[in-house]
Amino acid sequence: MNLLRFFAQNHTQVLELTGEHLWLVGWSTVFAMLIGVPLGILIAHRTQLGRPVLAGANIIQTIPSLALFGFLLPVPWLGSRAERLAILALTLYALLPIIRNTYDGIRGVDAAVVEAGRGMGLTESQLLFQVELPLALSVIISGIRIAVVISVGLATIAAAIGAGGLGEFIFRGLSMVDNRVILAGAIPAAILALLADFGIGRIEKRLRPR
Amino acid sequence: MIPVRTSVVLLMVCSVALLSCSSSHSDRIVVGSKNFTESFILGELIAQQIEAHTNLKVERRFYLAGTYICQQAMLAGRIDIYPEYTGTALTAILQQGISRDKREVYERVKDEYERQFGLTLASAFGFNDTFAMEIRGEDARRLNLRTLSQAAQFTPQWRAGFGYEFMERPDGYRGLVATYGLHFAEQPRIMDLGLLARALKDRQIDFAGGNTTDGLIPALDLVALEDDRHYFPPYEAVPVIREQTLQLHPEIARWLADLAGKISDEEMQKMNYAVDGQHRDTQDVVREFLKSKALVP
Amino acid sequence: MIEFRDVSYGVNGIQVLSGLNLRVAHGEILVLLGRSGSGKTTTLKLVNRLVTPTSGRVLVNGKVNDQVDVIQLRRGMGYVIQEAGLFPHFTVERNIGLVPKIEGWPQERIHARVQEMLQLVGLNSDMASRYPHQLSGGQRQRVGVARALAADPAILLMDEPFGALDPLTRDELQREFLLLQQRVHKTVVFVTHDLREALRLGSRVALMEAGKLVTVLTPAEFLKSSDPWASAYVRAFGDGLESAANRGTS
């Protein structure tokens, strides 16, 4: 088929763009986890902070992605390199699912279990790491899964501001009015999203407490 | 159930794997171009020249949607060379004032690029692709118009069309209107560069922001109005190249130098028309040109 | 051993406990009896400082319990709740061995102790590798007791531990608990709303109503008491209480 031949002829570029795509998704997910999980734990334990934090993350989500890229372009250090900007934007979009799910996961741990642990003399940190986090892990990872799938999709827009990635094929194909090129970007992106969803979903299932 | 520690380690390994996916291509040259015909002709020219004379594998990453995106790709090392215009580099990237002197613009861009970005310029291809304000041949003859100053009085009756970048750039629409006192009845239509000439021909617009090397100028009987107030700065086409790439592959410098001054305004128009108007394959057109100039065996 | 001096506790404008004065002697099983809202669970939680009094003082072993490190305080007490509160992601072994582990006991000592505890509560040693969801309610509760006793605390706090079990299992566990206590001699504070259980297990029964301590009596005294609340309870529970009061193990 025409499309397969295209992939064969251009496999280096497909791989290269896929690599760039993963790089953007990878860094932004790592940052979002580093910020989002501790934040989620914090608001799970201090519920008054919960509403403003979740509201803030929610507002960020509602900003259309291309618009956010546009806002950030003029910013001095960020805007001078498209990848920095893209990673920042992708991190922001990944925050809500991660914070939300960490919050839900920890709040969802059986309160009796936590109280039993506290009554037994576990310190707050022991409670967190030995009881709450392991029991909440499945839900937290579900949040990470959602964040990754969102990021894979959003990262295609990053090409519009010059950050590379599979979106470059899509935009190029649109310019060239060549469907094969569009698909050369769209299909790998879709596959990445599906793989992430499936793979992380498996881990999630294994971790679910019985 | 997987204990916490194992799953955390798993997650970290995946993250590290993802993070180390940045591309490095020391064995290849990646040539970029913007997303209009002239840019890929020049990109293809550079690519074929390098392929013909060296053992380097050349990747083409064309259709990058604009100057900023090409610049970002160069800085990130995703492309090694691409064709740019001195005037564009000066105003859009370096954000500096417009100058009229061809030599001065070239030198200033070269120096600043080397100083700020680790990029350098090879010698110019030879033609000046600056903005040409086009009108239909019949209108030009009927109203006896040759220059922009003469055309200014008719602009209230005209609908204009420009490319997106032209509308946004400091050296674009705003300055043009101010310099010549143009007063279009409505907001200009923003269109894809490739569609402007046809839209002009089909009377969807009456005044198009095209370029001096538009292949369709002769083909569609269009007239480029003279820039009698010298508003538009020089836009010499040049290859921009990463200094790192030159260090890794110094032979490239020589083959790029071979291309210097080899393309005239008219030759560029012809190549543009061959691809745009006659729908010939870009690679064939470029190959033909290189042969005709005895640049390749 | 444990002493409440004029303890009151209020939260969100509700007075949960007022003016509590109570002493728990070394080695006794003191039952806190009352209905929901009587403040009995709160009283229990004041001992291991899951709750802090708004006024008054709680003393454990002669020291006011907010003057000592709360973690050490809690580790020195066994805490058993209804539905056991076992960690679902730990095996029985890890559940029981948790406090010894965080106290830094060497691995072999923990393992030996777990086996000892399993035997003590009448469970098979191969239970150690099972997970809570694989156990019956009665088995889970036994593990809960084993877990509470693992670090050999002097004090045991139990909050309606047998409340969620079927009558047969409950009877079994109560009987075994009495036998256990004869072996380990802990100071126990036991919360329940079941008079029969209170009379059977308690060396003394502290009756609470609406946040106040009504009276503290031995089981025998309780049955004959003319206190209005006590007699109301006796009436509500009907016949056969004497055998419970006599520690009937039948």
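All chains are identified by letter, namely A, B and C, in their written order; residue positions are counted from 1 within each chain.
We take it that a residue touches a chain if its C-beta (ideal position, glycine included) is under 8 Å from a C-beta of that chain, and two chains touch if they have at least 3 such contacts.
As the structure is a prediction and not an experimental result, all values here were calculated from the model.
J.: Quick one: point me to the chain whose Cα centre is farthest from that of chain B.
T.: If we average the C-alpha coordinates per chain, C ends up farthest from chain B.
J.: Find me the chain with the mean Cα position closest to the mean of all the protein Cα atoms on display.
T.: Central chain: A.
J.: Rounded to the nearest whole Å, what is the centre-to-centre distance of chain A and chain B, using the mean of the C-alpha atoms as each centre?
T.: Their C-alpha centroids are separated by 35 Å.
J.: Taking each chain's centre as the mean of its CA atoms, how far is chain A from chain C in angstrom?
T.: 47
J.: Could you grab the centroid distance between chain B and chain C? Build each centroid from C-alpha atoms only and quote it in angstrom.
T.: Whole-Å distance between the two chain centres: 82.
J.: Residues of chain A that contact two or more other chains, please.
T.: Each of 134, 209-210 in chain A touches at least two other chains.
J.: Can you pull out the residues of chain C that are in contact with at least two other chains?
T.: Residues 89.
J.: So which stretches of chain B touch two or more other chains?
T.: Only 1 qualify.
J.: Looking at the complex, which residues from chain C come into contact with chain A?
T.: My answer: residues 45, 48, 50, 71-77, 79, 81-89, 98-99, 102, 131, 133, 147-148, 157.
J.: So in the complex, the part of chain B that touches chain A is made up of which residues?
T.: My answer: residues 1-4, 7, 10-11, 15, 17-19, 21-23, 25, 28, 35, 59, 61-66, 68-73, 75-76, 78.
J.: Can you name the residues of chain A that touch chain B in the complex?
T.: Contacts found on chain A: 12-13, 16, 18-20, 22-23, 25-27, 29-30, 81-83, 129, 133-134, 137, 141, 144, 159-164, 168, 171-172, 175-176, 203, 206-207, 209-210.
J.: Which part of chain A faces chain C closely enough to touch in the complex?
T.: 110, 112-113, 115-123, 126, 131, 134-135, 209-210
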